[in-house]
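Heads up, the next two complexes both have chain A, just with different partners, chain B and then chain C.
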Partner chain A sequence: MIQIIQVLILGLALGGVYALMSSGMTLIFGVMRIVNLAHAAFIIMAAYISFWLFKLWHVDPIVSMAVTMPVMFLVGVLYYKVMFASRADNPRFTDITVLVTFASALVIEGVLSYLFTGIYRSTNPIYATKPFLVGPFFVPQSQVYATAISITLIISLWLFLRYTRVGNAIRATMQNRNSAQVVGVNVAWVSMLSFGIGLAMTGAAGSLLSFIFTFFPSKHVAWIGMLMSLVVLGGMGSLMGAMLSSFLLAVIAAYVSFYWGPTWAPITFYLALFLILLFRPQGLLGKKMDG
Partner chain B sequence: MGTLVIENIVAGYGSGPNILRGLSLTVEAGKTYCIIGPNGAGKSTLIKVIAGMLKPREGRIIYKGELLNGLRADQVLQRGVCYVPSDRSLFPDMTVKENLRMGGYILRNSRLVEKRIEEIFAQFPILKEKSSQMAKNLSGGQQQLASIARAMVLKPELIMLDEPSLGLAPKVVQQIFGTIATLRDQGLTIVLVEQNARKGLENADQGVVLDLGTNSFERPAVEVLHDPRIQELYLGKRRQPLQTENTQ
Partner chain C sequence: MADKTSSEIAVQKPRQPQISKTSLWLRNTVSTGIFVVLALFPLLQIAFDGYNYWLHMLLYVFLYVIMATSWNLIGGYAGYISLGHNVFFGIGAYLSGMVFVFFQISPFLTAPIAGLLTMLGGLLFGLIALRTRGSTFIISTIALVLLVTELLDNWKLTGGTNGLPMSMITLEGQYAKIPYYYYLLVIMILSIITSYLVRHSKFGLGLRAISQDEIKAEVAGIPTRRYKILAFGISGLFIGMAGAIWGNYLTYLRPSIFLPVNIGTTIVLMAILGGKGTVSGPAIGAAIMIAINEFVVAKLGATELNIVVTGLILIFVLLYFPEGIVGTLKAKNLLPSFLDWD
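Here is the complex of A and B:
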């Protein structure tokens, strides 16, 4: 029994980080219908920023979020302007984004490998290896911090979308791009901003990931499959859906890993992707799409 | 005077053919214009071009002496020209009230927007009743009403309605035209695109007939309504009996 609860705790402790990683991706898809296959590559990029800040100047990775988030925001704004802004009216925009972001992911991987080699990296602040011991249970401090920060960020994002003027404009654009334009939302600007916010989330995710996992340039390949399944399971474009599916799959993967060994954990995500596409293609909290 | 002048507009979608081919039209302030014409004549395209949703390839649009073409949709809106699309495109997962608030998005003054919403609620009690319902749960007629109301939040001087009666039950169509009549009484300039040519013309001052992307014909609405050619083409009166393919 203790073991079963212990595994549940470990799963939940990871869920928040997964949720943070997928939140940006689902936002980007929701607003612009961009399938961002470079999302995980951007996360790794941010993780490297945190890594070097830690290695060179001993900047705590949680503190370095103050750097990675704005930097990745700017990267996002720039990337959107260069790659997508002029194509937004193309009827096959979403198809284009799949190819463009896939290519971008490979380029990012290549550049990172060239600059930093393929050595496994991670930051190791003091809390990285220390657990909290709660009764008989063992909870890694790093994961608790990472998940707590992730949830705080996601809730902040949700409140921003729900209660601010710009947030409402973003939601309106997600729900009906044409109408958003009709009521005077500058959708080109909203799209650029949303891409920036989505990538700011990868900035935060990269910093947090740097002390809970090891990473290397080609690690994004493993992550993107998992992110895709989280985003699709939640319902593409649904923030709450991504959060729900992240915790759900993180916990299931933790059990799979415990009973069948960690090699089998990734299969949880792919199997979930497979099943959801078969039985509920719009995702848990997503909407059926027309056309 | 708030006159809208459209001069030799040429427009089309993407790299496709020209839909509008040198269309000119003058919309005088305070009047209601009903635009009719066959499918593909460019009725909706014309409205989209005026609203800034589609850039014209050639020509000029002048409103109150100011050039509108080249402006973005939000900039056209700032100048008092509102557009209600044909698909009743509310924001489905926002409440009726949130939808109305989005209508006042460009005002940047939430107190003013709330005041306007209260005025709208007073005018359309059904919207007040449904104010906290998600827009997607409204009936078709209520959605149409809400999307007209959403445009009214800006108190526009000129409102363009694209097929407001599309897909609505006859009784509801009656209500929507009742609403349009109210707007007329308030002195708004209205540009109405209608498939239901008879209803549209009955509620308009001027009738404009588009054909193949040009303005082929513009007369007072009553005259258009009684023009035999128009009656034959758009109003369902035929000189010859209908073909008898279904009547065996």
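Here is the complex of A and C:
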């Protein structure tokens, strides 16, 4: 019994980080219908920024979020401007974005491995390996911090979308791009902003996972599979759906890895992705869409 | 088209003038000439030795021409982009390779069977995955490749990530590549002929209608679902065969050889670069990309830069020349007739 609860705790402690990783991707899809397959590559890029800040100047990875978030925001705005801004009206836009972002992921992977080689990296602040001991249970400090920060960020994002003027404009664009434009939302500007916010989330996620996981440039392929399954399972474009599916799959993967061994854990995500695509492509909390 | 009256359509000129007799003759002679040269090339190796590097490069070209041409059946004609077509490559290689390791039957004999079984797998996957379309379909193909990779990585029988070694062909180094060369050459020619036949059939017309507007195609009475699944299956046939031969050529089965996501992407890139939906496009794209890759690796000496170049070209072509080399040249009537195999 203790073991079963222990596994649940470990799963939940990871869920928050997964949720943060997928929140940006789901936002970007929701607003712009861009399936951002470069998302994981951007996360790794941010993780490398945190890594070098830690290694060179001993900046704590949590503190370095203050650098990675604005940097990734700018990267996002620029990337959107260069790649997608003028093409949002193309009828095959979503298909093209899948390929373009995937190609971008390859470019990022290649540049990162050229600059920093394929060595496994991670930051190791003091809390990275220390646990909290709660009764008989073992709770890794790093994951608790990361999940707490992640949930805070996601709730702030949700509040921002819900209660600010700009947030409302973003949500209006999500619901119906054309109608939003008719009622006076500057859709082009909102799209650019949302892409920036989405990538700011990858900045935060990169900083946080730099001390939870080891990473290397080609790791993004495994993560993008995981992220896609989280985003698709939650319903593409649904922030709460992404959060729900993150915790759900993190816990299931924790049990799979406990009973069958850690090498089988990734299969949980791919199988979930596969099944959800076949039986409920709109996801748990998503609305039906075509394309 | 919808808002034009039928008389307007009737007076529209065809996009391309009819091919003249001379250019048709030129095209047939030149393309046959290319294949004759390719068929005779190994004689140089047999006579003088020292051409193994070129044989190897040509083998690579054949392999990717097969894969890009096959991908084109579903990705180009029907417009269903699959980023996971290398899954067929892996399945074919594993099927034949395992039969070879466990029962000592040469992949040269089992390759066609492996191809057929791969096709069957493609039909099954198509049966479920082709219910989705657009980005959802693309994602499901990536999911397939990741799923199969994980399964093979964890499969004890095939050695998991360590892979399964095969014994080498019992020929001297001077001749060792030649059987593979001819086998892949034949598969390549068959795949190109299939692509041509499909394009000029009612089936191919149906597929192209699907890529234009699937709902209208369905209304017009085209069995869209059956066509898509069939196209997806056929595209697995030759890739599976090529995979069987390639696995034996490398004498090694390992998921990381056949199933990295960037092989799937490279296939897509080649087809799009050359011109998706055309017969010659994927072949030309494959040849060009391999030349570029080889140049980057040989001159710059870094495989990391290889994927950077691949990615940059893909982005550039997608954003500025979505019709690819053949498609763009053809629209401007600049395509030399011997490269126009449509």
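The working rule: the second predicted complex is superposed on the first by the 289 of 291 C-alpha atoms of A that agree within 3 Å, B and C clash if a C-alpha of one lies under 4 Å from a C-alpha of the other, contacts with A are read in each partner's own complex, and residues count from 1 in each chain.
Operating definition for what follows: contacts are C-beta pairs under 8 Å (C-beta built on N, C-alpha and C of every residue); 3 or more make two chains touch, one makes a residue touch a chain.
Treat the numbers as computed from the prediction; the structure is a model and nothing was measured.
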Superposition on chain A - do chain B and chain C clash or fit: fit
Chain B versus chain C as contact partner of A:V182, first or second or both or neither: first
Contacts of A:V111 with chain B and chain C, given as first, second, both or neither: second
Partner chain in contact with A:L159 - chain B first, chain C second, else both or neither: neither
Superposition-derived comparison: chain B or chain C, residues of chain A touched: C
Contacts of A:T263 with chain B and chain C, given as first, second, both or neither: second
First, second, both or neither for A:I5, with chain B first and chain C second: neither
Contacts of A:P91 with chain B and chain C, given as first, second, both or neither: first
Closest Cα approach, chain C to chain B, once both complexes are overlaid on chain A (Å): 7
Contact residues common to both interfaces of chain A (with chain B and with chain C): none
Complex contact set, residues of chain C against chain A: 81, 83, 128-129, 131-136, 138-140, 142-144, 146-147, 150-151, 153-154, 260-262, 265, 268-269, 272, 302, 304-312, 314-315, 318-319, 322
Of chain A, residues touching chain C in the complex: 35, 37, 83, 87, 94-100, 102-107, 109-111, 113-114, 221-222, 224-225, 228-229, 232, 263-264, 266-267, 270-271, 273-274, 277-278, 281, 290-291
Of all residues in chain B, those that touch chain A in their complex: 14, 51, 53, 72-74, 77-78, 83-85, 87, 89-94, 98, 101-103, 105-106, 108, 150
Contact footprint of chain B on chain A as seen in their complex: 89, 91, 165, 168-169, 171-172, 175-176, 178-186, 287
